[in-house]
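To start, the structure itself, in structure tokens.
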Amino acid sequence: MNAKKAVNFIMFSLTGVCALLTVGILFFILGYMAWRGAASLSWSFFTQLPAPVGEPGGGMANAIVGSGKVLLLATVIGIPIGFLGGVYLNEYAGMTMSFVIRYATDLLNGVPSIVIGIVVWALVVQPMGHYSAMAGGIALGIMMIPISVRSTEEFLHAVPLSLREAAVALGASKWKAIATVVIPAAMRGIITGTMLDFARVAGETAPLLFTALGNSFWSSGYNQPTATLPAMIYTYAISAYDDWHRQAWAAGFVLLALVLTINVIARLVVSRGIHMPRGAA
Amino acid sequence: MRKILALVSILFAIGVSVSTAAVLINGAGATFPNPMYSKWFFEYNKLHPDVQINYQSLGSGAGIQQVTEGTVDFGATDGPMNDDQIKAFRDKRGAGVLHFPTVLGGVVPSYNLPGVTGELNFTPEALAGIFLGKITKWNDPELAKANPGVKLPTSDLLVVHRSDGSGTTYVWVDFLCKVSPEWKKGPGLGTAINWPVGLGGKGNDGVSGLIKQTPYSIGYVELIYAVQNKLPYGKVRNSSGSFVKADLASVTAAANGAAQNMPDDFRVSITNGPGKDVYPIASFTWLLIPEKIQDAGKKKIITDFLTWMLNDGQNLTEALTYAKLPKAVVAKELKAISKIQ
Amino acid sequence: MAYSLTLLAAGTIFLITAVIFYELYAQSVLPRHKFGWHFLVTQTWDPVAGQFGALPFIYGTVVTSMVAMLIAVPQGIGSAIFLSELAPPRISDALTFMIELLAAVPSVLYGLIGFYVLVPILQADLVPVLRGSLGFLPIFQGAFYGVSYFSAGVVLSIMIVPFIISVSREVLMAVPREQREAALALGSTRWQTTWRVVLPFAFKGIMGSIFLALARALGETMAVTMVVGNTPQIKASLLAPGYSIAAVIANEFTEAVGDLYKSSLIELGLVLFTVTFLINGLARLLILATRRGTAA
């Protein structure tokens, strides 16, 4: 009896240690970014265009808007394709098709972001003859697809058979059952996956350097090169100047704050769904 | 669902509606002059608010490639285009490409030597030996010879070089090729090298960081990085036999020597040049402008900018630790601007 | 109607992956013809002489990813278990929220933190301890300069752990209550329930998160290049500097001049694609063998 309880205690303590370590690292990173960048966080950071080294003030207003534009396009491209693909995999696909599509998705996920940038450059920027925010959105959208597929599929799979059977028993067609019962039940997990996805591409630099280029000024619409937070962070962080280093850290902090905000808003918007009976605690 | 669609449409509309009336000119290329160019284009925009020249540092190679492809209006490079690349440009775009030197930079041997405070002197043979992996200890005779008063430690040297292709590397190995036949036959000349020894740092900042954190290390960085990061760096013996420390004056002096025999296309290496006060590891950095620019408006802006850069722009360089162009070169460039059609 | 829409989406995904593969294949024609299979076993990478070989990069990619997974998988699953089984719901939600934020930190900042914070800590504290206890192992021998396979693996593990935790936690929480209650009713401790009932139930989802994490580790560029040492060599010691495919592409692609050089980098991309293909395949076979019937 005591052995069981001892194992119980030890193992759960270990998991607690793991969690503590992760949370510790998390707070450290957040704190480090805040510490290094705090001096640069001011009103001008959010409202002004970048200034050259040595000029006081200067900010990343255009990068914040640029990131917003590019991420918006990426989400509009990546999430629907990923979501529908996940639905296909879980609800409709047979053995071979699901194997092939899953494999392709995993492969796509493993392509280095820089290679995606190179490919989109060849397929979009080169034919168009110039860099653009649209190309950036396409590149990031492609990167969003695999995680979206994976999480949609996982959480649809986790919906118990009983729920589906109940819907069908009540007379729903397959699609109706999926759309009105299964998907809402899986929504919580799907949103988690989507937000994780969004967070990941929000910080990607390499593909943007090949597609959206960067811009020291405001960019119009989607057809011009645009500044983005990750690209600015990269350029400033590798420079020789302390002022630019501070701005890079501040920008990283702002990027996280942005992602957090979107996360919160998204969950609020979608929070009304069927409350799945959760198994734990 | 409908809510989401509405939200997305509104956001798109906002994104598309923000626009400017100014003309946007895009350039890409070398990272070394990025702070200088960003200052120049900022000031130029203040003088001409309807002109926005956007420069992004993707790397010299990317600058060459993108200006050849035409995805940017001009390029920038720390190492001049070679004949094949110029031919490729001509083939693709129907006309040639012009090189315009803008500023000068120097590459310095920087080190982390606990216990040694003074500046070290490096002979070209020492530098070649170190980077070839032949000289492995700090108290090697080649180093001791040039630094008579200094007590060099017996520890092993750790070499740090660039992992990414770079103009800085190009200048450094250009110098090594000129002073060491063994280097020329071996690793040779290029922006990315098969280094015999050493760790690779990404970018000047990566190399500076490695040097700072690794005792007994030695590497090469742009002068600006050494100055900004307060890294100790040594003197290098030039072709006249003097040990010269890199600074704005000695770097400009290196260009002066070359100004006399400057070729018309400005593609010249100024490493190991003649002169007593010359710093031997210096280089121009160039803007790459297509010979033929279709858009008349853009052409005017670019030619105006070049003129401004060669006159007023040169006065802004020293504040950012970039060496200005010698007057002879400026005069020659001003004349070359008319080549742009 | 709905079926065709989802089929279209799935088809698009396949198409995109195929196009990427095609681009990689088509653009690497030159080195494939010139070097053939030797590309995979040559150790030299000499842009000046035009000699290119992929072996050190393949080695480095595999080693750094393995180190990252060995650290991140237990860490991630352990944390996920804690967050789903033990932590009060509100705290669990809040913490997970923030852990997911870690996925948004740009790679270059991870690299900087890795280089300026982690590497000195490794040099001063962790590695001496490792060497003291396990120094007889070949993987911990040789000179340590701070930047190494090991450092890269550790930084990667921090970067990929949010994926494992986030997805695993959700999947664990989705395990129906009845399963746990049944096990507890039969006299199991909570840990026994978790280990024997909940985890197996969530196995597929957890494996999915592991695949996600692995993919990110294999393809990560910026953070790796700042802490791996960028030295194309093959060394048994984890403490030696190394290189990875994604890092060398990121380092050299924008400056690469000459068709052979550029295409060789593209061929490296193709090699990585293939490595991912093989590792995924192997992993799936492993799962099939141990789970018999769970289609991966």
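Here the chain labels run A, B and C in written order, and each chain numbers its own residues starting at 1.
Quick note on the criterion: a residue touches a chain if its C-beta (ideal position, glycine included) is under 8 Å from a C-beta of that chain, and two chains touch if they have at least 3 such contacts.
A quick note: this is a predicted structure, and the numbers were derived from the prediction, not measured.
Summarising the inter-chain layout, the chain whose CA centre lies farthest from the centre of chain A is B. Counting C-beta pairs in contact, the chain pair with the highest total is A-C. Between the Cα centres of chain A and chain C there is a gap of 17 Å. Once the centre of each chain is set as its mean CA position, chain A and chain B turn out to be 36 Å apart.
Taken residue by residue, chain B touches two or more other chains at 58, 202, 206, whereas all remaining positions touch fewer. Shared contact sites, meaning residues of chain C that touch two or more other chains, fall at 250, 254. Residue positions of chain A with contacts to 2 or more other chains are 209, 237-238.
Interface residues of chain B, counted against chain C in their complex, comprise 58-62, 64, 82, 84-85, 158, 163-166, 187-194, 198-202, 206, 209-210, 213-214. The residues of chain C lying in touch with chain A in their complex are 1-3, 5-10, 12-14, 16-21, 23-24, 27, 74-79, 81-89, 92, 95, 97-109, 112-113, 117, 158, 161-163, 165-167, 170-180, 189-192, 195, 198, 204-205, 208, 211-212, 214-216, 218-222, 245-246, 249-250, 253-254, 266, 269, 272-273, 276-277, 280-281, 295-296.
Across the interface of their complex, chain C is touched by residues 4-5, 7-8, 11-12, 14-19, 21-23, 25-26, 29-30, 32-33, 80-85, 87-89, 91-93, 95, 97-116, 118-119, 122-123, 142, 145-147, 149-151, 153-155, 157-158, 160, 175, 178-179, 188-189, 192-193, 195-196, 198-200, 202-206, 209, 229-230, 233-234, 237-238, 248-249, 252, 255-256, 259-260, 263, 276-281 of chain A.
Chain contact summary for the complex, chain A toward chain B: residues 50-55, 65, 68-69, 72, 76, 125-126, 129-131, 209, 213-222, 224-225, 231, 235, 237-242, 269. Listed in rising order, the residues of chain C touching chain B in the complex are 44-49, 51, 115-116, 119-120, 145-147, 225-226, 229-231, 241, 243, 247-248, 250-252, 254-258, 261.
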